[in-house]
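There are two complexes below, and they share chain A, which is joined by chain B in the first and by chain C in the second.
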Partner chain A sequence: MSARSWGPADGPLGPLDQALRDCAAARFSGELHVIGAPGGMICLADGAVSAIETPWSPSPEVILLRSGRVTSADWEAAFTAATVARGRLSDELVTRGLVGAGELEAVLRTALADAMFAFAAGFVDTCRAEAGTPDFEMPLTPGAEADGLVAEALRRMEVLADFPGPPLHARARVTAAPRAAARRETTPDDGHDGALALIDGRRTIRDLAFARGRGLYVTTLEVARMRGNGLIAVPAADGQHPGDEDGDPQRKAAAVGPTAAGLPRRHKDRPAQPKRTGDADGRSLPAVLRLLRPRADGGPQAPRTVLTSNELGGM
Partner chain B sequence: MGTSLQEALHQVLAAEGVRTVALIDIASGMVVRFVGEPNPGLATAAVSLADEARAARGLLGPRPGGDLEEIAAVTDSGLHLSRVLLDKPGEGFLLFVDVDRARANIALASLRVGQFAPAVLA
Partner chain C sequence: MTEDALLAEMRALQDNVPGITGTAVASRDGLIVRADTGGVDPDNLAAIAATWLALTQRMSREVGQGTLREAMTRSTGGYVAVYAIGASAVLVVIGDEGLDVTRLHRESTATREVIEALLSGPPVSARTA
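Take a look at the complex of A and B:
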């Protein structure tokens, strides 16, 4: 098999499931291009999966660096040495003692499973296999069996499907609920604090995974748990805030007071621009100016030069 | 061709009475690798063990010396040891070992697993 394509098919993985089975049966070596959302590329060696690239799932490099397991300086030194020696980066990392061989294999395997889950969580339209010798920096050698990765991806989809609420999408933006800030101050870290600190309303689930160097599935699972605990909100597909759509009075009551970031809450009936007030808080201008005068009782320091209302009137 | 991870798991498997050895990702509950007798319930058990490890960690909290080290489950025929391997990234891994009680001493098995554990991710 030098080149072959698979058209659209039913199932969570579309034609990818069949493509992987055919490649395994033919002991195919080369690249299997996945066209869809997310797209990606699967590196196959003798029919087994040795590497996967997809923009929704952090690569082993991202996992090791963002988690702090390997520092950037050490990584760059190992990368340079591997490039000069025309060796593999994974071998260089192990040789330098930056990561254990067993640990690296475990990271590579979990990264492959996560990338396969990303395909299952998205949409696969078509697949195209091209024979060759793909050049990856950190391939899993020997590769992982594709059917095992597919089974794991489907198991993960079932786990997430058991959570109440609408399905979570990798590109859904996550917002911290008001009670999250209070909870962080009063309760010990139960593992959610790292994610909560990064949730700013702009980051998607996929962004959180990359920012923390954790898998897309693990991050989605954590988001699902936090949503179940009322710590976060994930806007519905139409952009409507879920707290508004279910009419839950408790949730609406929670939308009073400061935001999770501690900032004053902006209410819907509050105009975007402050009112132009010639008389602040109903006070006349002379009354306001009197407030700015230095106080004889040693109160707060006021400006040394204060124009009186008469002086203003004479200007 | 075996890998270093597979070889390390085989070393644990070579201990007296050990039937199955598996490496479990705590964050996802995935069986990363296993050796020994195929066990159809291993995948389900892995998810439960990972949940249990997370729950125990949450219960223990961040107090000094409160890190979870091992989860042991004893049945009339077997001993299930799950040793926490704390190497980052993620939430770490569990070294799961299924021991035949008829062929091994529980305390000795736990000691041997503890001795082998650091070499698994090395």
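Take a look at the complex of A and C:
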């Protein structure tokens, strides 16, 4: 099998489940591109999964650096040495004693399971396999069995489905409930304080996972528990745009169209966004914006680019 | 209000591209127009972005590579990208380590068009009259 595609299919993983089974049966080595939300790429060696890249799930690098397990300086030194020696970063990290071989394998396996969960939590439209020798810096060798990763991803989805309330989307923004602040002052740390400190109304569940260097599943689980305890709120319409990303027919149908005001508008049916609690720069219409516009009297269309201090006095 | 439409467009980009943690629009003079950057100082960001854009555009011309499409830094903690908005403004995008760069390339093109139209269009009252 040198190249093959899989079209849309039912099930939490769409065509990905079948694609992985076919790749395992053919002992495929190469890249399996996942098109959907999130998109991503699965690195396969002899049919087993050795690495996964997806923007919804922290990579092993993020997990090791954000957690402080490896410092940025040590990481860069190991990366440079591995590059110069044309070796693997994972081997260099172990050789330098920055992380144990067993610990690194655990991190790699955890990251693979979390990335597969991200695919299950999102939407997979199509898959495309291309044979080759992927060059990943930190592959799991030998790779993980795809069947096990899929089964674990589905089990995690079932665990989350048991929590009361609407399903939590990875791109849903999280806001702190009023009682959260009071609780932080009166309640001993039960493990939620780290997450609560990062909840600012701007970050999504996926953003929290990256900010803490923890998996998407673990973060979603924690958010579900905090929501159950009344510590946080997850507005239903906020940040949930599974149809906004690759391959979703709804998004394609909603693409480009002029607004009544004549401006190009990419998302005619974008849901109303609850006002964020974050600190967007909320200044009134600045002088800069007025000056960027062309003159209304039919004068030169090129916006002015030089502002004087007097013109900025109204800011 | 135009500035609200501007902020809505910036946030739409953030919604559509996984990994964006902040956005800002500044004038080419380094003055902030609108920012949604979390804990990042918008005034400093605007000043640096304007200078950075000017330098990278100069670099593109110097090496004869045509119009600058974007300038991006990649650090251990994430990405920062700047885009020219017409001749008068700059869009700054801040992202974490998982930023979907491919998606950003695609989405930012449409966002730049909308923002340029918002910045260069007539006042709202005149447009809707």
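The rule is short, and it goes like this: the second predicted complex is superposed on the first by the 237 of 315 C-alpha atoms of A that agree within 3 Å, B and C clash if a C-alpha of one lies under 4 Å from a C-alpha of the other, contacts with A are read in each partner's own complex, and residues count from 1 in each chain.
In the analysis below, contacts are C-beta pairs under 8 Å (C-beta built on N, C-alpha and C of every residue); 3 or more make two chains touch, one makes a residue touch a chain.
Everything numeric here is computed off the predicted structure, so don't read it as measured data.
Touch criterion met: A:38 reaches chain C, while chain B stays clear of it. Contacts of A:171 after superposition: chain C is touched, whereas chain B is not reached. In the superposed pair of complexes, A:64 makes contact with chain B only, with no contact to chain C. When both complexes are overlaid on chain A, the residue A:155 reaches chain B alone and has no touch with chain C. In the superposition on chain A, A:214 makes contact with chain B only, not with chain C.
The partner of chain A that touches more of its residues, comparing chain B with chain C, is C. Chain A residues in contact with chain B (one complex) as well as with chain C (other complex) do not exist.
Within the complex formed with chain A, the residues of chain B that make contact are 1, 3-5, 8, 23, 25, 27-30, 32-33, 43, 47, 54, 57-58, 61-62, 87-91, 93, 119-122.
Interface residues of chain C facing chain A in the complex, by the touch rule stated above, are 1-3, 5-8, 11-12, 15-16, 18-19, 21, 24, 27-29, 31-38, 42, 76-77, 86-89, 96-100, 102-103, 110, 113-114, 117-124, 126-128.
Residue ranges of chain A in contact with chain C, taken from their complex: 38-39, 55-59, 61-62, 65, 72, 75-76, 171, 200, 202-203, 206-207, 210-211, 239, 241, 244-246, 256, 261-267, 270, 273, 276, 278-281, 284-286, 288-289, 291-294, 296, 301-307, 312, 315. Interface residues of chain A, counted against chain B in their complex, comprise 63-64, 67-69, 100-103, 105-107, 109-110, 113-114, 141-142, 152, 155-156, 159, 188-191, 213-215, 217-218, 221.
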